[in-house]
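Listed next: structures, encoded as structure tokens.
Two complexes are shown next, each including chain A; its partner changes from chain B in the first to chain C in the second.
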Partner chain A sequence: MLPIFVIIPLGCAFLIPIASKWRKGSAQILANLAGGLLLLFSIKSIFWLKTGIKLYYLGGWKPPFGIAMALDGMTVLMLIVVNLIGCLALVYSIDYIKRYTSPALYYTLFSLLLAGLNGVVVSADLFNLFVFLEITSIASYALVAFGTEAEELEASFKYLVLGSVASILILLAIGMLLGSVSTLNMADISRSLAASSSSSKDIILYCTALFIMGFGLKTALVPFHAWLPDAHPAAPAPMSAMLSGVVIKTIGVYALCRVVFNILGFTQMISSIFIWLGIISMLVGVLLAIGQWDFKRLLAYHSISQIGYVIFGIGLGTPLGIMGGLFHLFNHSLFKSLLFLNAGSVEYSTGTRQLEKLGGLSKQMPVTSATSLIASLSIAGIPPFCGFWSKLVIIIAAFQANNIAGGVVCVLVGIITLASFLKIQKYVFIRKVEEAMAGVKEAPLYMLFSMAVLAVLCVAAGLLFLPFMDTIIKPASDALLEGLNYAGLILGT
Partner chain B sequence: MEMNLHILVGLPLVCGFVLFLFRNERLNKNLALLVLLLGFIWSINAAIRPAPQKAIELIGNYSLILGSNRLSGLIIIFVNLFGLLTCLYSRDMENKGAFFSYLAWLIGFSNLALLSADFITFIFSWGATLALLYALLNLGSGRSAKKAFSIVGFADFSLMLGVCLYIAVTNSAVMPQGRGLALDNPMAWFSFILMLVGAFAKAGCAPFHTWITTAAEDAPVPVMAILPGSLDKLLGIYLLARVSADFFVLNGAAMAILLLTGGLTIIFAVMMALIQHDLRKLLSFHAVSQVGYMVLGFGTGNALGFAGGIFHMINNAVYKSGLFLVGGAVEKRKKTFELEELGGLAAYMPLTFISGLVFALSISGIPPLNGFASKWMLYQGALSGMFNTPNSWLRLTFLFAIIAAMFGSALTLASFIKFIHAIFLGEGRAERKAQPKEVSFSMVFPLLILALLCVLLGVFPKLFIGKLIEPWVGQAISFSGSWDSLFVFIFLAAGLAAGAIVYFTYASKGTRQDGAYTGCETAPPEPSYPATEFYKTIQSMPLAGKFYGLMKQEALDVYNILSGILTIAGRLLYIFIDRLIYVLTSAAGYSVLGLSWVFRKMHSGVLDQYLAWSLAGLLAMFFILMAK
Partner chain C sequence: MKEAGMSLIVKRITKITVSLIFLYGVYIVLHGHITPGGGFAGGVIIALSFIHLVLAFGKEAALKRLNETAVSAIESLGGLLFWGIALLGLLGGVFFLNILPKGRIFHLFSSGTIVLCNIAIFLKVGAGLFAIFIALAAMRMPAEKKEGKK
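The block that comes next holds the complex of A and B.
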């Protein structure tokens, strides 16, 4: 069953240009249908996992010869994240994308993006992972530039250049691994590396550096982050939600963790690199964010900061830390997508993203205002919303791992995050403003629907965090904690 | 009677709740009266047969352990008696708010305080009486209620602290019965002083007395009669008795503290009372002054003094609440407390006058009334203490206390001559000549009961002492010298009777009244001597003048001193904590914004630069991972 996660969106991407030739509007129907199916299957995949890791060999060719796909706890978590946000972003797009000239192209690219993301998550060999990563990246470049204004094109160009550098470095690392162990299947590489002599240790370290830089750039960790604050605000709002909520996590955090934990091996040195990257990203991201006056740009900088939490939690390497990091990854995808959708509907209704020009929208846009309040409280870590629990787990894990400084930084960053979201609430929704905002109306229905669902999920994930962590997060963190045993699990020996 | 003690507490409390819920005037009056009457009867029962400690399971593992000893049994009778009399007296007053339910609660919690066998219950009920003190005074005015709450609350807090220390030292929360702690270490001393503060403020001993004199200005009369007049004295002195007899073993220094405080309280308060022209304020200063005698009694450290202190407390409660009630009766008819505007009421309110006279003579210590009996014991206790102590300093302190007590007694008499004259004798002011009637039965009945008590306690003190006080002291009280109250009383009564016979035989037949013979000249207006000016000259005396000046400015009021200290402390806290935190948080906020600015300036938007950062990051990774 695993290929359907690639087949559905990929097929959709081919069908949409053809179908929209003879019937306008079929594009959004097809894309939403695909999104809904993908969400259904990804929820079903939780149950597939009950009976152990699922494998799929293309054409029946066993590794190391054929193309393999695998589904473990980490995959399930990422599938849910990708397809949940993807589906809601597509629903949101129904109304939102009407402002643009060619919706068919948008849906094609979006479907390609989904195909790439799902492919990255399910593929069990390194080169396929790279291929899907490139599909994702190229679809992203195109979608960032979708508005074709100067701002969008510049942002897309920066993203393209930096992203390509990262891709090349990743490809270089894959090539070196291939040269060293003559296989591309992840499990096989891992086993061969473990069995090989000490001379390959240098290659492992060399590749680790390349992977951290390459995936780190896709993740937008400081100092590889500079493309993100341009690219994320420039994209259409549902795409921004996808970029911040899903893309940086899938081709960034997920790929990095998969490679480091399950192929190369997670060492003390890597742990401290992760922790430092996380701390620096948290601090720099939030400090940059609080000074911003562009709604979406502020959110984009917070993505850097929040991803810092995730990397910090995972970098601690303890079960609790990894669980906290992954839970925060999931929560961040909920509230950050929601915030970008909020920003989108504010922009949709008022035509501006500048905080100084906005104001007093809580009356005119009650749903947007309420959902953004929930998202703001979530990201700031106010109980009982979901962000609180994941931050709490990360902080507890930091203190348990004797990383006092890291825990303190987490708390401080939380406070500054709260301050900057109070700024948003104040300038956009609460403060009274002169008649400039008089004619503003609430966003259309589909947009409201997506936001409302995400807001409910923010609350639900906060209130039901224990069962939630047991069913989804725990298997994912177990998969990472398996470490190099991954090879044995996949290859069945 | 298995349950008697718990009923004594539970009944008034439940009654209070019922009254609080149903604010019906008639129901309130009658139910409260009934319940307090029952409580009084029950309390006699409890006092006659002191019950060992009995537990009643309340919630979970906490069981309320109550027990009465000789002392609390004695005091509890009077607590319930005064509750009953106040309730009876208040029937015809204008009762604001939930007066009766407060009264019932007050009695209930006072009973609980007296019966509690452990410190925790004691402190709890003690605090509850404070809350009710506030509630009752608040019926009069918020200002005096606040002041009383501040001073007594402060004292309660120090009492609580003292109790905590005591528990820490003795490792037990059960109130000891005798065999107290020796005052030989700083912890015990500190605990002793803190508990003393608690007892002093409750009883109204200087320097914690100012809440009483302030409350006197505007609190309703029944409230004054029940709280500072009797109940708070009973409770405060009960605590003092427990502290000095049960919890601690007094040494010389502790005795000196008590003697000095007692002596100074007597003198200062009576001096202040002398110059008052408001009836309630005058009485309130005497209420303070009398506490000095009791404190002095406990300062003697011997059985005679202790017994005298307790006896004086009972006597004082009887005549002092009586005096407040007399004041209330006068106010009821004349609508004023100003002595200047009163006068000549003896003819119209004979019963009030007679009882008022008895109270006034009692408080002044005129034999054979009860005030004399207890003062006599106090003097004897102090004298025997003075002769028995080897320490010359302590002996000097005893001497001072005795002189203060006697001098104070004389000044009290002087002050009450003014009181009687101004209210009942003399001409009265012309414009207020409307002839008042005697007050109603329910108001005068408590007065008569109290006056009768004054006489009985004075004439048969040995009976009372022997039955109720000696068992607590644990030894027979022996008086030196030959003094027999009954003997004196019979002679006095005979004299009075003879006088009455003469009066009714001759004088009542009618006498001729005539103007003064002036020999055809215009008669000068009759000189009048208003009672309020009796002791005016004292204010111009050199030393006393200074004292009065200070007191007028309330410079020595512990409330003002405390609130001044608190204001300064508040200012300092504001400057050094609040402002400091504000400055620090603002500095933190601005430094965050400053850092934000720096980072934003670094993001120039130039692609080459971003690429350079990324590659520098890559190099750093290489360096870190492959340095070895």
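The block that comes next holds the complex of A and C.
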């Protein structure tokens, strides 16, 4: 029952505008119901995987003619990431979105975003992946501009222009592939490319370059990162959490890995491109972050840096490296979403995100303060929180693969990350200020609930990392390591 | 204060042509499965007939026939209808399965759920395009007033 991941949020997105006409509150009930159901189904999908890869043919048409959906280890990992963060962001929105005037619109766009993200993940058809990617992108352009102030509109416009450039590059690559092998089913493309003559090697090379540029722009790896530091802070807080925690990973890292590993084939050249992109992203992201004074902007730069770890780990190409990268992807979605939700609740209570103006909030906002401390320690890689283990695995993998420079950069970036999060802890929560922050209250209940759940998950993923790696991360990295055999698994024979 | 809309000649011609354009749009939608066209093209043509009204008679005259709330509701209804048709396939066991009788090829009543899909797409596209036009027209009004003051 794979299409359920698209059916639920899509139906919800169309129901909300009609339902909210006669009952104001129905939008958030519907959206949260959809979020909860999606989370349940995505946890259930772990058990579906037990009996091997699942396939679904839309309309009963078998590939290569029809559209197929597939569920393998990588899909399950991404479904859990998308729907876990999505569900918690929706719960957080119940209180947070009262600041804005049209909640029905917000929930409609949010449901569309979830439909797009889930669609990207379950699709086994390259063009369908592109369509869902566009649904996701367009919903996120609109959600970034949701405040409709000058800052939000500018950020959204920048995001829209660069996002469209990325989409065009991806579409061009898909067109080239369709032109050369006359099919759009991922497995079928992979098989046809492998079977065809040497002239297809040039096309593979060209398409790889286009895909890396296109998905690199969506992921905001460093030479392509210009839109991210504007877009992520401008969005409403739950949406920032989705953008940083889920969107750049699903339509960026996941799509890139799926295309490169399972369709075009992972070569030594791609491996070194990934490693260099990863190292540059890690360094540049963290160095730009440390000088920021806007709470959310600082977090946005750290997203670039942390995605660098993920791409670096996956780029190593060894089983351990890929596992580390994917585990860091999962962990980053937990703690970065949590940090953005923290920033949102600080902004909700005090009305500002400027670090110099904030201070001494650990007394007035105990829950926000405690959860942000956990998230900061996780992102900085302090044991026993989840970020430590994934960084450790990546660093060990780097040394094992004889990439000493990369491993050293990972350690160094970890230290600078710790420094910049100490800065946040000091300026926002710990330092004493005279009167300025008097009368600030803790954020409302639903917001606290989301943050607390994420904080607990951060600790749990750190303490239970071995069983967790076995059940979720291992199948995902196996799916990538399967490489071009993916075609055989999907098409049979 | 001059009258809303364009001159008498334009209004007169519009009254004659607008229903023809509308009818042509309906034709394109209903024949989507046997001739070129379909829900999207037909939806655009039908939206154009309403936009035609806005241009000739001014925004108010057109909105009297089809106001913003109705447009928004029709648009969501179109999406919901398409979603419902896809769900209908589950009765036959598979999402998006074409469960209705297919009829004889090249006849108006054929191809099962495709006609219904076209109608749903027409509602979505037509209402969506008209809503975009209304929104742009609403944005234009304040700008014009500012220029008038200068």
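Keep this in mind: the second predicted complex is superposed on the first by the 493 of 493 C-alpha atoms of A that agree within 3 Å, B and C clash if a C-alpha of one lies under 4 Å from a C-alpha of the other, contacts with A are read in each partner's own complex, and residues count from 1 in each chain.
One rule holds for everything that comes next: a residue touches a chain if its C-beta (ideal position, glycine included) is under 8 Å from a C-beta of that chain, and two chains touch if they have at least 3 such contacts.
Since the structure is predicted, the reported quantities are computational estimates derived from the model, not experimental observations.
Undergrad: Once chain A of both complexes is superposed, is A:224 in touch with chain B (first), chain C (second), both, or neither?
TA: first
Undergrad: Counting only touches as set out at the top, which of chain B and chain C does A:31 meet: first, second, both, neither?
TA: Neither partner.
Undergrad: Quick one: classify A:15 as touching chain B (first), chain C (second), both or neither.
TA: second
Undergrad: Which partner does A:3 contact after superposing on A: first (chain B), second (chain C), both, neither?
TA: second
Undergrad: Does chain B (first) or chain C (second) touch A:329, or do both, or does neither?
TA: Neither chain B nor chain C is touched by A:329.
Undergrad: Between chain B (first) and chain C (second), which, if any, makes contact with A:416: first, second, both or neither?
TA: first
Undergrad: Determine, under the contact definition given at the top, whether A:58 touches first (chain B), second (chain C), both, or neither.
TA: A:58: touches chain C, not chain B.
Undergrad: Answer with first, second, both or neither: which of chain B and chain C does A:473 touch in the superposed model?
TA: In the superposition, A:473 contacts neither chain B nor chain C.
Undergrad: Using the touch criterion from the header, give the chain among chain B and chain C with more contacted residues in chain A.
TA: B
Undergrad: Show which residues of chain A both chain B and chain C reach, each in its own complex.
TA: none
Undergrad: Touching chain C in the complex: which residues of chain A?
TA: 3, 7, 10-11, 13-18, 21, 56-60
Undergrad: Can you list the chain A residues touching chain B in their complex?
TA: Listed in rising order, the residues are 157-158, 161-162, 165-166, 169, 202, 205-206, 208-210, 212-213, 216-217, 223-224, 226-227, 229-230, 269, 273, 284, 287-292, 416, 419.
Undergrad: Report the residues of chain C in contact with chain A in the complex, numbered from low to high.
TA: The contact residues of chain C facing chain A are 69, 72-73, 75-77, 79-80, 83, 86-87, 89, 92-98.
Undergrad: Within their complex, state which residues of chain B touch chain A.
TA: Touching chain A: residues 589, 592-593, 595-597, 599-600, 603, 605, 607, 609-611, 613-618, 621-622, 624-626 of chain B.
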